[in-house]
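In the part that follows, the structures are each spelled out as structure tokens.
Here subunit A shows up in two complexes: once beside subunit B, once beside subunit C.
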Partner chain A sequence: MENRPLEYDYTVAKMFMLTTIVLGIVGMTIGVFIAFELAFPGLNTVLGSGLAEYTNFSRLRPLHTDSVAFGFTVSGIFATWFYVGQRVLKVSMAESKFLMFIGKLQFWLYVIGVAAAVVTLFMGYTTSKEYAEFEWPIDIAIVIVWVLWGVSIFGLIGIRREKSLYISIWYYIATFLGVAMLYLFNNMEIPTMLATSAAGETNIGDWFHSISMYAGTNDALVQWWYGHNAVAFVFTVPIIAMIYYFLPKESGQAIYSYKLSLLSFWGLMFVYLWAGGHHLLYSTVPDWMQTMGSIFSVILILPSWGSAINMLLTMKGEWQQVAASPLIKFMVLASTFYMFSTLEGPIQAIKSVNAIAHFTDWIVGHVHDGTLGWVGFMIIAALYHMAPRVFKRELYSKSLMAAQFWIQTLGIVLYFTSMWIAGITQGMMWRAHDEFGNLAYSFMDTVDVLHPYYALRGTGGLLYLIGFFMFAYNIYKTMSSRPVEESELQNASPMGA
Partner chain B sequence: MFHWLEKHPFFFAVGVFVTIAFAGLIEIVPNFAQASRPVIGTKPVTLLEQAGRDVYIKNSCNACHSQLIRPFKAETDRYGHYSLSGEYAYDRPFLWGSKRTGPDLHRVGNYRTTEWHENHMKDPKSVMPSSIMPAYPWMFTNNADIDTAYATQLTNAQFFGVPYNKPVPMKDGTTTVVKMANSLADAHKMALEEAKEITAKMKDQDVKDAVARGEIPEIVALIAYLNSLK
Partner chain C sequence: MDFNEFAAYAYFFLVVFLVVVTYSYVYHLYTKRKDSSGVDYEHYSNMALKDDIGDTPVKPVSKSEEK
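Presenting the complex of A and B:
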């Protein structure tokens, strides 16, 4: 008994794996749909003009961003936490009834919150702030879910057997603290029903409605301090937590450099928060903040590449694994896309480049090579690694996984190349003057020229979505049609042909 | 030190928090009071304009349209004077947007009319033949939420000191007063007065009839808001 490895309890991890896949499908399907709406506007009324209010681009856009960010990605973060946390702290969820209860409560509250968010966004309830569109009652639900997750993290840490916290745990703690701080401050709002009219009437109007505590330029500053760092603490920090665990585990290789991981972690924590100002270049926020935003964005290359290089060098001497295993491919390409988008971002944050890039599709392209290439691929890889272990079954199909990898990679390439061209073309056309000093193009001219790129982008997105369906199918078949393995699996995940 | 931190989760968490909170404090706090001061000529929105602003937000117009003119010749040529911080002093939330799938709207009231907006919202292609903007037919039948707009005005006045019913300095040296209703019934009356001025220039018979009945379709409020953007 003493010499047997610990048995871990993956109940909550499995629940969140399910929402990762379901909400991924929902969010990406909406994304592909609205991408094609821009190329073929007729799709806005595809269900008839009676339902156009709910199939319209503008109503669906926050649904897309929020369901991939707070649905797919956050579910992926939770799913991996409830897997990785136990294993690196060497303690099982089954050892604490309290933590098991909190974990399940967190899951069900999360599901209720997601349902409420979807319904209200369809109805048009939005605060208008990007990635913080939810109205105050849902904000409160989100805060409760987040606090419960904090209880899970620190509860599990409290009863741990391994005293030293592994690198992944640093990043999960940072995710918890960072999002908590950002979300609270950006969503400070006053429900309008609290006001009283001169005639003494109270509870006037819609109880769901609220207005921001901040006005104008301040509101913008707080929003982009949030918006940019939500990217940091949802799309970067927890994903690094994942790759620090799953890549060494799957490849059987030790992390290349401990010192590099230290430098990257503390560097990222310090630098990232300053960079939000790059969303507000040439706006009405003070110049010094814009300049700070620019400079720190460029410095941000250092800690970002520190992590990514650490990952790539972990594969040193073992590159044949990249050729042999599609699962390793996903992770190596994820860290490559991480390097790519953390170089592209700082370039766009340089003021003179931003003058052309801001407000264009190049920004949209940048977001997507990060989210599709880095976040999406890493979460997919994490779930592929977890599936044989939590279900104790061999993965259903390696060739299906390899096909998925190539289809999705092609999708990403189509996506960001088309958006580069679209963004730079439109940015240059907006500012072009003719020989007499008049504007060379009407706004409409600059929209007309984008059509082929919008169609290409939609196609790229569609390929990625098809790959995601292959992923869901592969996981489903793993769960349902593979024989149960006798013992815990080590290192490389076993895969069927 | 780092080895020690890795064995002491509480102090580790405190360390992380201090490191990440630092930047926000330095960047956001010092300028807070100054950035919220209005420039001369900026006045709060009227009740119908507020209802229109809510329609704008409800339909995420800000997903495709910015309200921020950058200080470049190409932008001032196209959209008018570049935006000033104080012009946004009463904007809760701000609506700068981050993507121009369509043009900037910060001063759209200077160069588009009620008639143009009516045609455009009903069928964008009728005024912009290759437009990719969707039509918004439901705005002609759904009614604007005047109650919530009134509650928003009250909240702005009570919690944030937005100067309703007070003289506001204008650019020509005069002052103007934006009135706010005393009661809900009064508010509906005021909104309807404003709506009638808009519908006088509109041609959609159903909208005109609705206003004559005392209802205010969303499109009327939205046009009032767009006209106020100058």
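Presenting the complex of A and C:
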């Protein structure tokens, strides 16, 4: 074995590719189901009223958000890290038994953590903090998984051959540090077994229950500092890490401006952390803090568009590749949706616009054009690029990929357009009043009006889910398609008809 | 000067300071074009484009790695 040339080792990357796809299917299936529940409330008791506890919207909604964010997306982040990290640092996981062990340990602990989260959320155990619903034992497991990932990142950096860190590595490091800080502070909680109530009771509730260390307005502030920056450091920063590697690599084009990538990085890091206050406009937090949240949200357009334009300009003179390759289509549209949702977000954060948008479906639409169009498309593209390289086989079907692209794009368009109309209609109806100040409409009036848009939204989600199944099938079939030579894997991924 | 007034001035000067820092960084990047070790920033794109394990690093960790 002495003379065998050194190769990158994608064992751990492949493991996380599997969880990306499986948890994507789980999260998106639940998402589509609960979307139809909103349109057709009878679905809440589809398995009978005895089991309604497990099928109602409120029980399933955190399962949807957590499995797409912390399941699908975080798995995608890990999978791409264990692929990109090795390649741009020019060091193989096979060179360190320790890092290989840590990577596998991280995977299995992650799987255990995910299983525990899914089971407990299904059973209704929750801390009731949005995107932070897990009880404290699961929080601790997540922290351990995260620390192990940190060991992998800095361990691999420690044994690298390439001295400089490629821009994607900066973004992965930022993801690691950002999420670590946010998760720890937002999940500060006291197990109820250690607490004493005002009436002097001790040992309250089950051992795994806890209460947050924050209350009232402080809780809201910490929660939205966390909630908004979870969008930053789970849905934005690591996805930029991906596109800065996969788009240049797949197209064979150098990044349009590496300098702009550095500038955008620091811009994003500084500005993003201050924007969370826009979730609390017109609430009890101090007015200056709301204004600051609005202003920083608007400034955020600059670094966001800096990255997105950099990606689109990377394709300068090479636009025929967009027409020719469905894989490049996914990334160019991801970048476009990134521009789109980073313009939409700041608009919604302006106080006067927010007066209409707050609490409406427009917000839901905004989140989904970002997650389906930007996050989902980029992770799908990354896995499509990785598959031929980790399996050493050509992608099973180009035409299936192209069909998936168009079906999912149509799904996204249906999703956000229906939510725009629904949201603005809702916002206007809630505010409407007669000349004496009486509200013109009851809540049920809005529900009646919104029904067709909810049905359309469910249909959009269903199309996206169908596309995701096509993606899973394409990757599955790739594992047994035509073997390829190393020389075929330089840039454009080899694809079967 | 009460605290709020102080905070307002501090905020204003902080924003001015950060704008100056940002534009200085832009000026630095585009006039120097190369980092302290003499590598043109734009060459760093090759870390992604030439990323086979046998490819020559843009900036090797040790001189012995250079081919």
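FYI, the second predicted complex is superposed on the first by the 472 of 497 C-alpha atoms of A that agree within 3 Å, B and C clash if a C-alpha of one lies under 4 Å from a C-alpha of the other, contacts with A are read in each partner's own complex, and residues count from 1 in each chain.
FYI, a contact is a pair of C-beta atoms (placed from the backbone, for glycine too) under 8 Å apart; a residue touches a chain by one contact, two chains touch by 3 or more.
Only a predicted model underlies this, so the values are computations on that prediction, with no experimental measurement involved.
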Kindly say whether there is room for both subunit B and subunit C on subunit A in the superposition, answering fit or clash.
fit
Between subunit B and subunit C, the one with more contact residues on subunit A is chain B
Partner chain in contact with A:Ala382 - subunit B first, subunit C second, else both or neither
neither
After superposition on the shared chain, which partner residues are touched by A:Ala241: those of subunit B (first), subunit C (second), both, or neither?
neither
Regarding the shared-chain residue A:Ile142, is it in contact with subunit B (first), subunit C (second), both, or neither?
neither
Could you tell me if A:Phe270 is touching subunit B, subunit C, both of them or neither one (first, second, both, neither)?
both
State whether A:Leu262 touches subunit B only (first), subunit C only (second), both chains, or neither.
both
Classify the contacts of A:Ala13 with the two partner chains as first (subunit B alone), second (subunit C alone), both, or neither.
neither
Would you check which partner chain A:Trp170 touches, where first means subunit B only, second means subunit C only, and both and neither mean what they say?
first
Rounded to whole Å, what minimum CA distance do you find between subunit B and subunit C in the overlaid structures?
5
Contact residues common to both interfaces of subunit A (with subunit B and with subunit C):
163-164, 262, 266, 270
Under the stated contact criterion, what part of subunit A meets subunit B in this complex?
37-38, 41, 44-45, 49, 52-53, 56-59, 61-62, 124-130, 154, 157, 163-165, 170, 173-174, 177-178, 181, 185, 190, 192-199, 201, 204-206, 209, 211-212, 214-223, 225, 262, 266, 269-270, 272-274, 276-277, 279, 282-286, 289, 292, 355, 358-361, 363-364, 430-433, 438-439, 443-444, 447-448
In their complex, what parts of subunit A are in touch with subunit C?
5-8, 87-88, 90-92, 160-164, 166-168, 244-245, 248-249, 252, 254-255, 257-259, 262-263, 266-267, 270
Which of the residues in subunit C come into contact with subunit A in the complex?
18, 22, 25-26, 29-30, 39, 41-49, 51, 53-55, 57-61, 65
Which subunit B residues qualify as touching subunit A in the complex?
2, 6-7, 9, 12-13, 16-17, 19-24, 27-28, 31-32, 35-36, 54, 57-64, 66, 68, 70-75, 77-78, 83-85, 87-103, 128, 130-138, 145, 147-152, 154-160, 181-184, 186-187
